[in-house]
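Each of the next two complexes has chain A plus one more chain, namely chain B in the first and chain C in the second.
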Partner chain A sequence: MVVLSAARWLRSRLTDRFWRVQEVLKYARHFRGRKNRCYKLAVRSVRRAFVRSTKARREKKRFLRALWITRIEAASLEHGLKYPAFISYLVKSQVELNRKVLADLAIYEPKTFKSLAALAHRRRQEGFLAALGDGKEPEGIFSRIVRHHY
Partner chain B sequence: VAKTSLTSPPWPEMPKLPDPVEEAKYHAEVVQKVNGMISAGQYGRLFAVVHFASKQWKITSEDLIMMDNVLEAECGDRIRLEKVLLVGADDFTLIGRPLLGKDLVRVEATVIEKTESWPKINMRFWKRHNYQRKKIITNPQTILRINTIEIYPSLS
Partner chain C sequence: RYVRQLQRLQFLFSPTAADARGARQFVEEAAQDFARQHPDVVLYVSPCSGTAPLVRAEYLNGTVREELIASKTSEEIVQLITKLANQSGLDIIRIRKPFHTDNPSVQGQWHPLTNKPSILTVQGPRLQPQ
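Moving on, here comes the complex of A and B:
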């Protein structure tokens, strides 16, 4: 028989609505209240959660850097140096350790951190002498710039 | 003469550095002692600070490192990590300015695994503008196992 249109019993029906809803609800199962059960409320909460996690990934870097700085400050104050002095004189002595590693050393390798603090302190004294002594004394040993050829 | 607030400068007194000749002798002694300790093998576990994949890592032997990028080496390849910033043991540390020489330290690692990260969801949403974009990102990751850290007594 010639048919010009689909018969009326062939309807386009959504058959996997359950799984589409579960895809969203699976991210909301640990939420509080009705938003962990009801789809309409869960959609909104899950969307906000995703957006917040993307923004938090950028803020995590700032937060961790502030944490490392606090820890290094605490450790250097134990050795009698303030954080700006410690970091600036370490950099002037050509020691390029970043804050993450310095914080780890301060926690797990106290003797190494003490030696780094002593290095910064000594470089600071040489800096003061160079500034106040007006060139009559010889240059400091730790202020020498080392040039390497690897 | 009475002391006023301007008799002495506001900074503390001039710091006194030890005599340079004596200092040089002391430094040579220390270097010899450390050289002796290294050649006699009187150190326990060594740790090193290595600059690799644009990050600094504090590593010891037998520990795992995961980096968020692709390494052009097959699984099971032995790799030597140059660019060592610091090496330390219990009694001494060698601080590089900024790097230590390649004839002083040797750090070996093996590539263990090359996988992708867990699927991270990147979503952007503006309210009241009917705008939302969802993207699933999987970064390639490489896992290295640090085999050994060796030091050689070549200080001067």
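Moving on, here comes the complex of A and C:
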């Protein structure tokens, strides 16, 4: 006999409510107060936490870039250069290092960073000579532009 | 040379339970082919009635991973264990950085006295710190 629907006196019971609740509470275990224990409060807090973590991924990039810039500024000031001068003269000398790498060099390879600061300083001097000297001195070495053909 | 991180696979299922049917079919048909294709993984099959059928994977770094194979077909079990065989035993959490070095600094890590003149710190028979 084919039965298309269950009889009216049969009821279905929810048997895995515990695990459905635990799925949400496991993300709330490190919260403060009742929202790490009570499901009703935890649902709201967990949802807000996820939304905030999604939005924070865009902020993280800005935050890390600002951190790198602070570190490079501190390191270049130790060598007598300000950050805008350092970055601009590095770019003019065709040294295409990004701020993340420069910050790591400043922390873990201080001698390399010192040589980069010296390079930027020398390029700065050559720029001043080229602008103010006008003609008679030979062109600076670090002011030469190398064109790569890819 | 590639070393497979999976050490052994233990299949625990009962010979009579209904949800272990896929596991029994797998052991009859596909277990030998899998063992031949992956000669560096040891397969252990042991009967245990009363518990849910599961496969336990042990890795070279000591992690043990248990997966339920109840009500799975033989092909699904094969897919599952090939996935386990290609994994390493590292825990599956968010990796904070995609790189890691044991020696991050070659020239010596920066400390507040790296760029100060050495007259400040040198202690010798002639040089006195100021």
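Keep in mind that, in the parts below, the second predicted complex is superposed on the first by the 139 of 150 C-alpha atoms of A that agree within 3 Å, B and C clash if a C-alpha of one lies under 4 Å from a C-alpha of the other, contacts with A are read in each partner's own complex, and residues count from 1 in each chain.
In this section, a residue touches a chain if its C-beta (ideal position, glycine included) is under 8 Å from a C-beta of that chain, and two chains touch if they have at least 3 such contacts.
The shown structure was predicted, so the numbers you read here are calculated from the model rather than taken from an experiment.
By the touch criterion defined above, A:Glu96 lies against chain B but remains apart from chain C after alignment on the C-alpha atoms of chain A. Residue contacts after overlaying the shared chain place A:Val51 against chain B, while chain C stays out of touching range. Of the two partner chains placed by superposition, only chain B is touched by A:Leu116; chain C is not.
A count of residues in chain A touched by chain B and by chain C gives the higher number to B. By the document's definition of touching, of the two partners only chain C reaches A:Ala106; chain B does not. In the superposition on chain A, contact of A:Glu78 is made with chain C only, not with chain B. Shared interface residues of chain A, touching chain B in one complex and chain C in the other, are 108-109, 111-112.
Contact residues on chain A toward chain B in their complex (touch as defined above): 47-48, 50-51, 53-54, 57, 93-98, 100-101, 104-105, 108-109, 111-112, 115-116, 119, 125-126, 128-129, 132-133, 137-138, 140-141, 146, 148, 150. Interface of chain B with chain A (complex): residues 11, 14-15, 17, 20, 23, 27, 47, 49, 56-58, 85-86, 88, 90, 93, 95-99, 101-102, 120-125, 132, 134. Within the complex formed with chain A, the chain C residues making contact are 104-110, 114-115. Chain A meets chain C in the complex at residues 75, 78-79, 106-112, 114.
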